[in-house]
Structures are given as structure tokens and as C-alpha cells.
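Down below are the structures I want you to see.
Okay, so chain A shows up in both of these, paired with chain B first and chain C after.
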Partner chain A sequence: MIWQQLLSIASSYPLALRGLGTTVVVSLIGLVAGSLIGFAMGILRAGGNRLISRTIGVWVDLIRGTPFLVQLFLIFFILPELGIELEAFDASVIALSNLAACFICETVAAGIAAVPKGQVEAALASGLPQWHQMRHVVLPQAMRIILPSLVGQYVLLIKDSSVVSAIGLTDLTRVGWLVVQRVPNGLLVFAIVGLGYFAVCYPLIALARRLERRMGAAHAEVQL
Partner chain B sequence: MLGNFSFRVILESLPDFGYGLMATLWLSLLAFAGALAVGIIACAMNLQRAKLLHVPAAVFIDAIRATPLLAQLYFLYFGLPRLGIVLPERVVGVLALSLNSGAYVAEIIRAGILSISRGQVEAAISSGMGYGQRMRLVILPQAFKVAIPPLLSQAIVLVKDSALLSLIAVAELTRAGQLLASDRFMPAEAFLTTAACYLLLYYGLKSVAALATLRLGLRPAALRVRA
Partner chain C sequence: MIEFRGVNKWFGSLHVLQDITLSVRPREVVVVCGPSGSGKSTLIRCINGLETIERGTLSVDGQRLGDPETNMALLRTEVGFVFQQFNLYPHKTALENVTLAPIHVRKTPRAEAERAGRDMLAKVGLADKFDSYPSQLSGGQQQRVAIARSLCMRPKIMLFDEPTSALDPEMISEVLDVMVAVAEEGMTMMVVTHEMGFARKVAQRIVFMDQGSIVEIGTPEEFFSAPRTERSRAFLGKILRH
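Showing the complex of A and B:
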């Protein structure tokens, strides 16, 4: 019985691979776009202009205050009403990039804020232009704090990408949902789906832990 | 265009959203209580030296953290009936949320315990305290204080995560939005109202958490990434 089911599940491996592919592609696009936008937002958020900083803060709070599923529904169902045609894939990528950007923005801003003020003053005194202060003095030091939690963000993003199955995009979770209609063994099917996610996420979690330890050690050195 | 945005429809369906809001709050509260129980047990087991206790807890925590909540939810939803356990959707949902958040709670408590400086433990040992006494009188009270702010932010995450229960047809806030969207073909009204209700909960809980943190004289939660 269980062997039959395993065989039946095994026969749908092309679908499963496609699902895993979609999950990886969607999260990867979200990751790259989110990082770029997130870093830009984070630098602006930590910067001097109060209006820009506040505006970004409000937007980030709105995104942090609502479930990702609702954000996805808003984008997928409302943008077409505004005359912007988009497929489930586009909506997923937009929603994920936005989510990633908002979380990365806060991480980057916190990292920048943690760099001692004296460093900026020293850079200023050496006559470095503003962009160079950021590029060569502040960001490299902030990266120590940003990097471990950035890796954590990526894990989060991959996991959150499972929600896009709700608007019909065939990602890994959606494949599990499709297969379970045919093979009525939810434990087996979703254990395998879980393994798929685990294979992608666990190495990243391990990396984040290692980075945290190493960066923690680096900080301890500075503090001593 | 959103030219025909209808506030009337929103007003008419406000009772549904009110009901959904209460359901979300209630389900999250139950799930958070469950998560605390799961988290305390998992953490206690994880910190033991005996492999028989440590390994299952560590595997549970890592398995939860490396897989999406939605997959866990479907695992229980489609899997439990297979074991002959047929539960209402609400119960399955609360169970999934409790197990999921429980793993994060376990890690938060562990971080709290590990943040207690070695000197405290040494002082307790040299005043002749046993393991139980050390834990109860010295380590846990301090660890708890460190853990409260991140626990509160986990509670906020939990409320948002509960939106996924709508996908197994639990009547809650997001479900109220979905129903309005499909019944009247008004997704803009439906999901904007849903989002507004979540924001209401979010800002409410956030102020409560800030107030509690302030009153207890704690350090606010550092920017925490749950992964």
C-alpha cells in the first residue's frame, strides 16, 4: 500500500522538480531585487533627511503589520483593477521583493545605526565625500551586524514564498497540494515537500549561525 | 479603475470583519498559549545532556525552522485524518500554529538562558545550590526578563501567521476578506479592509508590548530575525 503510494508520488517527480524550481526562482528574484531595494531604502532610512526616513518607516511598518497573504491578494487582485495586467508569477515576485526590501531595510538601518558616531566624524574630518563615508567607512563595519541577519532573511523569504501557492502559482507547496488530491496520504506527501524546503533552507540556517558566532567573536574583540 | 470603490459594501460587511477580527485574536491567543507550552518543553529537553531528550527536541526545532508554516499546516490538515484523527479545521490550525511558534519560543527561551553570565551560575554553585535551585532561583527569573520582549514580538508574528488558516477554510479575518471578494467581486474593498483590520491589531499589540517592556524596565527587543 505504502509502496504503491511511494511509486505514485515518485511518478510525479517532474512536477515536483518544477515546483522546487519555481520556489527557488521566485525566492531568488525576490532576494536579489529585495536586497538592492532594501539596501537603498536602509541607507536612506538611516540618512539625514527626516521626511524620506519617516516615509520609508511608515511603509515598512505597514508591510510588517499585515500578513504576507493579504499583501499578495492586494497585489494580485487590485493591480488589474488599476489597469495593470499581471500573472500570478509577476504578483508573487512583486510581493516577495517588496517584503524582502522592507525587512532588509530595517536590518541595514539598524546596522548603520550601530556603527559608532566617531567613525563617521573621523571620515568627515578626513574630507571624504558623503558617499565615500558610507561606502568605505560605515557600510563595511555595519556589514558585520547586517550579514548574519541577512542570511536569516533569505531563509525567511524562501519559507514565505510558499504562500504564493495560494494564488495558484505551482511552487513546491502547490505541488504537494496537487499530489495529495491524487495520493491520499498527506503525511507522506507533505513530509517530502518539507524535505525539499529543508534541503534548501537548512544549509542557510547553518551558515547564519556560523556567521553569527564569528561576527559575535569579532565584536567581543572590539569591545575588549 | 477603483472609481467605483464602495464604502457602502464595507459598512455592510463590517459585522463579518468584526467577527473575523475576534476569531483571529482568539485563535492567536490559544495558539500562543500552546506555543509557550511547546516552547518550554522543547527548550527544557534541548538543554539536557541526555541524547534521548536532546536529539528529538533539536530535530523538532530545526525541522520547524527550515520548513514553511503553510507546508506544516497542510501536513497536519491532510495528514491527521490519515491517522484516523479527524479534528475541526480550527483545531488543526491552532495546533499547527502552536507547534510552529513553539519552536521559535524554544529558541527565544534558550537565548535568554544562555545570556545569563557564567559568573551567576558559579556564584549559585558556590553558595551550595543544586541544579533545581539554580534554575528556579537564579537563572530562570533573569532569563525570563530577557525573553519577554522577543516573546511579545513572536506573539505579533503569530497573529499575522494566523492568516494562513484561511487557506484551510477557518473562519477568521482573511477568510472574511476572501468571502467578500468572491461573493461580491470586490477584491479592493475586501482586502483593503482586511489589511486595515490587521493593522489595527498590529498597532494595538505593538503599543501593549512597548508599554509592558517599559513598565517592566526591560530592554526592547533587538531587531530579531526568525529563521
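Showing the complex of A and C:
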């Protein structure tokens, strides 16, 4: 029985590969775009301008305080009402990029705030313009602080990408739904789907752990 | 060179600088001392705009602070600042620490900035530490890198905010020696310190502050041998007892 089901599942491997590919591509685009936008937002959020910082803060809170599924529906079903037609793929990438940007923004802003004030004062006192202070003094130090949690965020976002199956994008999770209609063994099918996600996420988890250990060592060195 | 006129500053309800009037001439070395919380650090932090003043005027090298005409970034390149906690960039080597501002602010070509940086580090006695990171250096060595970092900008004024207070006793003299050498080259300096030996040796004037006001200004001889006020006598009694 199980053997037969396994064979049947195995026969849908081209579909599964396509789903895995979609998950990876959507996640990758979402994370790259989200990182770029998130870093820019984080720098502005931590920067001096109150109005800009507040505006970003409100947006980030809105996005962090609502379910990703709802955000995805809003983009996919509501935007067309306003005349903006989107493919499921585009809507997914936009929604995930936005979600990633908001989480990364808060991480980056927290990292910037954690850089000792004396560092900024030293850069300021030597006449470095604001952008150079950020680029040469603050960001490199903030990066060392946030890198482990940033990688952790990436893992969470990859898993969040499974939500895009809800608007019909054939990612790994949706492949699971499709297969389970043919092979009535949800436990088996979704265990395999889970393994697929794990295979993508585990290297990142291992990387985060290594970075964290390296960071710990680096900090021990600084505090002589 | 530095001109305080009726300067006042508050932190909330705390009146940290009260009617400060003081002028520092070119090539003069002024030591600022006083009990903690007397406003001496705030005083010199105002000079390069790390703190802002609320009332009165403060001019540095002929330019008024807080004036929209004054380019603060440009002014700061003329004023070196040495911090109590060194504040070296931990992710950069000694040489990168001293060349960062010359390269990105003065736009000095990298090779030239590095040559000047090596010369300056050698001058403060760190010829063998170009590629060391701050965490690999002792406190005294870090503070000497920090002084070199400021000097590499060829400033007209050097400010020191308790440069030896965070150091182990055996490292204090190596930093003071560098500061004496800078003073002897004719740098205009304001130094917040309790190192009275240094004050005696290089200061032309000593400013004694208490509770946000300047209580007494005098030459080192006057100040040490015949302090004019009760408060300065009490202060000297405490720090010179040992």
C-alpha cells in the first residue's frame, strides 16, 4: 500500500521539482529585493529624520502586525480592483519582498542602534560626512552584530513563502496539495514536502549557527 | 582661536554651562580641571559641535558655531578630538584608523595618506603596530593611535577629553609624553585632565570649573601655589594629597 503510494508520489517528481524551483526562485527574489529595500529602510529608520523614521515605523508595524496571507490577498485580489493586474508570481514576489524588507528593516535599525555612540562621535569629530560615517564606521559594525539574526530571518521568510500557494502559484506546498488529491496519504505527502523545505533551510540554519559562534569569539576578543 | 562669550547650556533642568567666557589664543595650551560633573567635558565637546550651546556665542578659528554660514563638517576637520574611551574603529587596523578621514574627507590619495599615516604612527611610537587591530593593542597604545588619528588630519586645534582616565597607571606616561610633544610643536590645545604634572609642564593657563561655572583661571604657578578660591583649594587638596 505505502510502497504503491511512494511509487505514485515518485512519479510526480517533475512537478515536485518545479514546485521546489518556484519556492526557491520566489524566496530568492524576495530575499534579495527585501534585503536591498530593508537595508535602505533600516538606515533611514535609524537616521535623524523623525518624519521619515516614523513613517517607516508605521508601515513596518502594519506589515508585522497582519498575517502574510492577508497581505498576499490584498495585493492579489484588491489591487486589480484598482486597475493593477498582477500575475500570481508577481504578486507573490511583491508581497514577500515587502514582508522581508519590513523584518530586515527592524533588524538593521536595531543593529545600527547597538553600535556604541562613541563610534559615531569619533567619525563625526573627524569630519566624515554622514554617508561615510554610515558606510565605513557604523554599518560594518552593525553587520557583525545582526548577521546571525539576519540569516535566521531568511529562514523564516523562506518558510513564509509557502503561503503563496494560496493564490495558486505552484510552489512546493501547492505541489503537495495537488499530489495529495491523487495519493490519499497526507502525512506521507506533506512529510516529503517538509523535507524539501528543510533541505533549503538547513544550510542557512547551519550558517547562522556558525556565524553566531564566530561572533561570540569576536566579541570575547574585543572585551580583552 | 577659541572664543566663548557668555555661553550657557542646559541638560533638561540641569544648568551644565553657566555664563562661560574664555578665550584661547593660538598655540596656547589650556588645561581644564574640576570635580566630576563640573561641566568640563561638556565645555570642550561644544567646541567641535558634539554638544550645542543654548545661549551666548562660541567662535572657533573665526567661525561662529550655530551660524548657518558655518560648515560644521569642515570646521571639525580643523579640530582634533581625543576621547576618554579612545573610540578607535574596532574593525579597522591602526593604519586604517588613521587614514580613513584623510582619504574620505581630505581626499588625500590613498598611497600618500598611508605614508603620512605610517609616519604619524611611528611618531607616537607605534612603528610596529600598523596592521594591529585595536583589540590587539593595550589601552596606552590605543590612545596613541587615537591621537595619531586626529593629528593625521593636520588640525589647528586639538581637544583632549580625559585622555588618560581610562588607562592603567603604567600606561599614562606614554600617552602624556605624546601629548607633551604635540604641545611643544606649537599646537593649540585644550585638555581636560587631572594630570597635574602635565599641567605644570605644558599648560600656559589652568581653568578650574565647578558646577558648570569657571571658578578660577590662572597660570599653573598661581593655581598650584596660591589658589584663590576655597573650592579650588579643596579640589587641589583632594587630588594632590597622595
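To be clear about the criterion, the second predicted complex is superposed on the first by the 222 of 224 C-alpha atoms of A that agree within 3 Å, B and C clash if a C-alpha of one lies under 4 Å from a C-alpha of the other, contacts with A are read in each partner's own complex, and residues count from 1 in each chain.
Keep in mind that, in the parts below, contacts are C-beta pairs under 8 Å (C-beta built on N, C-alpha and C of every residue); 3 or more make two chains touch, one makes a residue touch a chain.
Because the structure is predicted, anything quoted here is derived from the model rather than measured.
Of the two partner chains placed by the overlay, only chain B lies in contact with A:Gly152; chain C stays clear of it. Look at A:Ala122: by the touch rule set out above, it reaches chain C but stays clear of chain B. Looking at the shared chain after the overlay, A:Val193 reaches chain B, while chain C stays out of its contact range.
Touch criterion met: A:Val137 reaches chain C, while chain B stays clear of it.
Of the two partner chains placed by the overlay, only chain B lies in contact with A:Ala208; chain C stays clear of it. In the overlay built on the shared chain, the residue A:Ala10 is in contact with neither chain B nor chain C. Between chain B and chain C, B touches the greater number of residues of chain A. The touching residues of chain B, counted against chain A in their complex, run 1-2, 62-63, 65-72, 74-75, 77-83, 160-164, 166-167, 174, 177-178, 181, 187-188, 191-192, 194-195, 198-199, 202-203, 206, 223, 225-227. For chain A in complex with chain C, the residues that touch the partner chain are 116, 118-119, 121-129, 132, 136-137, 140-141, 144, 221-222, 224.
Remark: chain A residues 62, 64-71, 73-74, 77-78, 81-83, 103, 106-107, 110, 149, 151-153, 155-156, 158-163, 165-166, 172-173, 176-177, 180, 184-187, 189-191, 193-194, 197-198, 201-202, 204-205, 208 touch chain B in the complex.
On the chain C side of its complex with chain A, the touching residues are 48, 50, 73-74, 76-77, 79-81, 83, 85, 87-91, 100-101, 104-105, 135, 146, 149-150, 153.
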